[in-house]
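Paired with chain B in one complex and with chain C in the other, chain A is shared by the two complexes that follow.
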Partner chain A sequence: MNSKQINYFKTIVDPKNICTTKEELLVYEYDATLLKGAPEVIVFPETTGQVSLILAYAYQENIPVTTRGAGTNLSGGTIPDQGGIALVLTKMNKVLEIDFENRVVVVEPGTINQELQDMLTPHGYYYPPDPASMKACTIGGNVGECSGGPRCLKYGVTRDYILGMEMVLSTGEVVAIGSKQQVNPDPLDIVKFMVGSEGTLGVFTKLFLKIKKISEAKKTMLCTFNSVKDASRTVANIVREGIVPTTLELMDNLLINCAEDFIGLGLDRTADALLLIEVDGLKEELDGQVEVIKKVCEKNNVKGFKIAQSAKEVDQLWTARRTVIGAVARKRPSYSMQDVTVPRNKLPDIVEEIVNISEKYNLPIGVLAHAGDGNLHPLVLFDERNQEEVEKVHEAEFLICKKALSLGGTLSGEHGIGLLKKPFLDQEFAPEVLSLKRQIMLAFDSGNILNPDKILEVGK
Partner chain B sequence: MVVNNIVDPKDNKELQEIISKAISQNQKLLLKENLELKAPTVDEKTVVIDLAHLNKVIELDKDNFTITVEGGINFLEFQTLLAEKGFYFPMDTYASGHTSLSYNVLHALPSYSLGEYGNYREYVLGIEAVLFNGDLIKIGGKNIKNVSGLDIIGLMIGSQEYFGIINNFTLRLLPLPEEKQVVICNFKDIKTAQEAAFQLTNKGISPAKLLVVNTSGAQLLENNTKITKSPLLIVELEGFKASMQRKISILQETVAQYDATCLIISDNIESRDLWTIFRENQYQLLAKTVDSVSFSGFYTKLPEMVTQLDNELVKCCSDFTIIINCLIGSGMIIPSEKAGTDWYEEVGKIVDKYQGRILDKKSFKEPGMGIVQEKLKAAFDPANISFFGGEKV
Partner chain C sequence: MSILKEGKNYELLNTCNKCGFCVQGCSVYKEHFNEAYGTRGRIRLIKAVANGELERTPLYEKIINSCLMCEECSKNCPSGVQGHLLVQMAREDLVREKGLPFVKKFPLEKVLPNNNLRKLSFHSFRLGKNIIPQTIKGINIKSLNIEKVDFLSSYKPIQKPENPNLKVGFFVGCMMNHTMAQVANSIVGVLTKEGCEVVVPTEQRCCGTPAYVYGHSKVTRESALHNLDIFKDVDVVVTGCASCGNMLKSYGKLFPEDSKERELIEGFSKKVRDITQFLVDDLKISLDNKQSSLKGKVTYHDPCHLVRGQNITEQPRKILQGLKGDEYVEMPGASKCCGASGMFQYFYPEEATAISNKKVENIKKTNADYVVTNCPACYQRIKGSLEINKMPQKVMHIIELLDSK
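Right, the complex of A and B next:
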């Protein structure tokens, strides 16, 4: 980009909302992966009109635009690897409307997930998608990635909670799709198609979200096992018994110990695996479900089965689960979090393979999983400064992806493809599917300026 | 209408050949179900696809709660088959007894249980489809979560045969609920029925179905002598036995405020028969008229909106059947044969007044998205063989 182009943006937004120094650009080279790529200018729009003008100019000048929120992306999707503009939406962070009676919320994309939850909870409502990064991540980012979280098993993913949106197309044209009502007026559901499009099809400027009432009661169980296989089998068996828990989370021994080192809850450090299971609903419904779950656990050699007795205890268990990703930093300086999904009954197979890969490459790999969904997040621990080790991490992760696909799984359950998984995409999809995806991307963005060549190479 | 060119592929290869031939011979294609439901004018060149032979269950995976099935299977037979095996696919539409799984999904036919159970996208995990560009594509599998690139499955659902035919599905199943009960309550007017329904959505009892029908709509249950002809609230409660009694009590307390009287149907066969009659009558009513209209509204505005629709349409035009799915704030108006043509405009005015929206039966109508949608169509159907696809882009 030249200085004329950069200066043009100063005519659109307040000059204080433009960053161009080397130090400032450095901060936006990253997301939550190890990848890097510096933008040439950072722009913080505050209105839809500004986003529209920025995109119209970028389209005219053929400047790449990488849209981002908090940068918690786990697939490299928010890395401005082709330079250009980092379009940061964190200043568009207002909750514009909360309508409890009609169960709809209108937010700007920079709204932080947790802050929205905090506004809803006192009124007995919540927004179900709850990614681990919810304290920092933005709703716009969640929509871009179709984020999930522990509650997905029963309540679905971000896609299921987006009713409509205001969006700016690559040409700068502003469109409103869907509505604030609970049903989409058009059977061809472009709204839902936008969810998970990773910033390649348009820039969201307003989002209409569906909210739910908090259930009357819940019960949280902590179950420990002497083998990950037993824990994985328990997961499949619980669902087979006709119970759909709100959450069914799995942690292996490495992560149990990391969590215990970090917050000291008294978790069983000797257990090979832990399941955190929660059921919710009307209070009469819960005891029966807990009883069935307990029996299933016992059949699968449960070591310890405990029901949280107080809200404080429940909070502590969830704190352990949510903080374990950060807690692994005590073990090694760097970690890389994978995201693959397999059919639920294939969990034991993929876990076994992860253990083999860990041994083969002499890399500690912790297994964290939204096990009810078959969605695993293997955490590979290493030292980023050791290039040889970094290479081993890449190889190990490739093998994990390959194994997931061979088990009928998919490359990503909730983190997206971005840059990280792009090289593997042709292992999951046939050439005609990739070609179709490419044509769809060009239908939305003929200049290929929006997050260009993320997910797959598009060209012009 | 005489239609000569009906083809019934025996397998996916044959379906692909039919579509390839249509591309090369510039023929339009549509699914057979449309002949009854949409009554399109087809010429002798148009190819009508009957998927009835593609009706095999390929795999019922009890561990993963998934089924892989061919798309030609009759929707109601499919659900009956699942129920016999203890599984549940919660979509239930007026056309269930007459249409294939493919037709239901491609047209995203509105399920009575939309709301509590979400929409088709939450259950379609994998597809095999023949696109109108001739490609046979396979996407997804048995994975509950999948964000590997763009959501083509989501785009195909509700695409109304613009893009291609889905001929194979892998679907997420649910466990069959322990218990089901249907409660039918008579109200003195449609406004109070609608208000009671709105209250129920806030009581935490999560009905599987929550419908309000006007007095004409009550005739959809014509064979049931126990039901008085008046505006009705039809509630299906399901879930665990342990909480059923309380759910019923909450429902009864709520409707009692409106002096409504309720009939509780606990017998599974009786409730199944009731839905069969309701569905069948709605389908026949729809098949008689191609001019029904669907709309959506805010929960809070529906009582007034629906009351006005019920009153004004009769004054202006004729008798109308109104069916509201209160879980999603969406309704359908089906005119009688005497209705004429003025009613559509009247509906539009009333729906607008309450900030509701008419749900367009045709696709590709999102404002401002015209060019994008045309390009999408060109990617999927470059030869423009979709019967509903309009002019070539």
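Right, the complex of A and C next:
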């Protein structure tokens, strides 16, 4: 980009919302992955109008635009690897409307997930998608990545909660799609396309979200097992019994120990696997569900079965779960995480393969899984300064992805493709499907300026 | 070689996995919404300086210096990265490589560690503050009480109880000494009433927090050795200032491991107690028949250096909930920084004012009559901000509630 172009942006937004210093460019070159790529300018719009003018100009000048929220994403999706503009929406962070009658809220994309929850909780409501980073990440980012979270087994992912949006197209036109209605009769539902589009189809400026009433009661259980196999069989059996817990989270021995180092809850450090199970609903139906779950656990050789007794205990268990990924970093300086998903009865197979791969490459790999929906986050630990080790990590991850696909799974459950999983995409989709996807992307963004070549190489 | 490149320091810089969870509690980030002003960004830049990718530019200095050192990021980091310590290290590096500007160098090096100069400067400030505007850079100067005669200069030892249970050294701290002599007297009074022999060494020196947080720990090391010597004969060292307590308890990290000094200073640090911690955990005072000196609704603000610095949250609440005659209400965001953070409020007035106003908003939500805290710096900042916002609440130091004359 040249200085004329950069100066033009100063006529659109307050100059304090334009950053070009080396210091600031350096801190927008990364996300939560190990990938890097610096933007040439960082722009913080504050209104839809500004976003529109920025995109219109970027389109005219053919400048790449990478939209970004809190940058907690795990796929390289917000890395401006082609330079251009980092369009950071963190200043568009207002909750515009909370409508309990219609169970809809309208937010700007930079709203922090937890801050929305904090506004809803006193009224007995919540917004179900709960990614581990919810205290930091933005709703706009959640929609861009179609974030899930521990609760999504029962309540679904972000896509199930987006009713509509105001967005800016790559040419700068502002469009509204969907509506605040709970039922969307649109036969070609564009809203569904937008969720999980990773910033390649448009820039959201307002989002209409569904909210839910907080359930009357919940029970949280902590079960430990001597083998991952027993734990994963338990998962499949519980669902088979007809119970859908809000949460069925699995941690392996390495992660149990990391969580214990960080929080110190007195988890069983010798257990090979742990399941965190939560059910919610009406008070009177929960005891029966807990009883069934307990029986299933016992049938699968449960080592320890415990029901959390106080709200504080529940909180601590959840903190342990939400922070365990970072806590892993205590073991080695770097980690890399995959997001493969397999049919839930195939969990033991993929876990077994991961253990083999870990031994083969002599790399510690921890397994964290939203086990209820077969979504695994294998965490490979290494030191990014050791090039040889980095190569091994790439190979190991490739094998994990391949195995997941061979078991009938997919590459990404909830983190998106971004840059990280792009090389594996043709393993999952037929060329015809990829071509369709390309055409859709070009239909929205003919100039290929919006997060160009993320997910797929589009070409022009 | 820069200290940033030194083995252990450089390793620490490389433990950040850039997950971004640190920004969730960062009050300064939430005023900018710009990565550069959150911990993850700061760490990236410190690493860039260490690697020689980036010069120590004025903007870099601003980014490094505009951290509250409130320790929220360090508590939130699942990887256990101590963001505030990395920022402190970067400031230490800046002092070594570029030196301090006079406005910081003079007070940190000359005034605070020197009891006479410190007295003189507070005294001049007291005289001067009548002819300057009400507020400077959002700091409510007029509301700041400065004692005509500071506590240490006027202190007369009170009679020790018969058969005292412990010999307690009282570390008053500069702010309390010069702005809250009455509170200091109350601490001595309450401790004596609880059966302690209280000694107040008048030659005690600034704890060294200001010098430490601005990266000039050489000065702090000298203060540490001086205070170690002055308090060598007591069983316990009690303070009513969160920041002083935090510093006194962590002097050890300023000295090389396995050094003789380290061992001695860690022995001293082990004796240090916050006043609420001492009353509740050590003396186990009975609150059954204790009447609060206040009537009405009372809320509590957690000082950063108490709640995160020393993990003290329950002791003050036990006192407040146990005292009879007033009603305790918890405020939302009680543990969020008040915006004072030493010289931060002067150098970054826009951020500091916005952060303080959030505190004021939270106080408002409680409908409390009184805001109680445990740190003279928070006390002054909250008092000043409440007045600027024309709020009726009175600010009290927690000991004032226990001191029913």
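Throughout what follows, the second predicted complex is superposed on the first by the 459 of 460 C-alpha atoms of A that agree within 3 Å, B and C clash if a C-alpha of one lies under 4 Å from a C-alpha of the other, contacts with A are read in each partner's own complex, and residues count from 1 in each chain.
The rule is short, and it goes like this: a contact is a pair of C-beta atoms (placed from the backbone, for glycine too) under 8 Å apart; a residue touches a chain by one contact, two chains touch by 3 or more.
All values derive from a computational prediction rather than experimental measurement.
Asks: Overlay done on chain A, so just call it for chain B and chain C: clash or fit.
Replies: Overlaying the two structures gives chain B and chain C room side by side.
Asks: After superposition on the shared chain, which partner residues are touched by A:L188: those of chain B (first), chain C (second), both, or neither?
Replies: first
Asks: With both structures placed on chain A, which of the two partners, chain B or chain C, ends up touching more residues of chain A?
Replies: Counted on chain A, the partner with more touching residues turns out to be B.
Asks: Now for A:R159: first (chain B), second (chain C), both, or neither, which partner does it touch?
Replies: first
Asks: Just to be sure I read the superposition right, which of the two partners does A:G366 touch: chain B = first, chain C = second, or both, or neither?
Replies: In the superposition, A:G366 contacts neither chain B nor chain C.
Asks: State whether A:L442 touches chain B only (first), chain C only (second), both chains, or neither.
Replies: Touch partner of A:L442: chain B, not chain C.
Asks: For A:Y28, is the partner it touches chain B (first), chain C (second), both, or none of the two (neither)?
Replies: In the superposition, A:Y28 touches chain C alone.
Asks: Tell me the contact category for A:G110 with respect to chain B and chain C: first, second, both or neither.
Replies: second
Asks: Is A:V433 touching anything from chain B or chain C once the two structures are fitted on A? First, second, both or neither.
Replies: first
Asks: Just checking: does A:Y335 make contact with chain B only, chain C only, both, or neither of them? Give me first, second, both or neither.
Replies: second
Asks: Please work out how little space separates the C-alpha atoms of chain B and chain C at their nearest point after superposition, in whole Å.
Replies: Minimum C-alpha separation, chain B to chain C: 21 Å.
Asks: Using the superposition described at the top, list the residues of chain A that contact chain B and also contact chain C.
Replies: Chain A residues touching both partners: none found.
Asks: Considering the complex alone, what residue numbers of chain A touch chain C?
Replies: That would be residues 19, 21-24, 26-28, 30-32, 42, 44, 70-72, 88, 90-91, 93, 110, 112, 114, 133, 135-137, 262, 323-330, 333-335, 385 of chain A.
Asks: Along chain A, where are the residues that touch chain B in the complex?
Replies: Chain A reaches chain B through residues 101-103, 145-146, 148, 152-153, 156-157, 159-160, 169, 173-177, 179-183, 185-190, 192-193, 195-197, 200-201, 213, 215-216, 236, 239-244, 281-282, 284-285, 287-289, 341-345, 370, 373-375, 408-417, 421, 425, 428-430, 432-433, 436-437, 439-444, 446, 455-456.
Asks: Report the residues of chain B in contact with chain A in the complex, numbered from low to high.
Replies: Chain B residues touching chain A: 61-66, 86, 107-108, 110, 114-115, 118, 121-122, 131, 135-152, 154-155, 157-160, 162, 174-176, 178, 202, 204-205, 239-240, 242-243, 246-247, 296-300, 327-330, 356-360, 363-369, 372-373, 375-376, 378-380.
Asks: For the complex, give me every residue of chain C touching chain A.
Replies: Against chain A, chain C makes touches at 11, 14-15, 17-24, 33-36, 40-41, 44-45, 48, 53-54, 57, 59-60, 63, 76-80.
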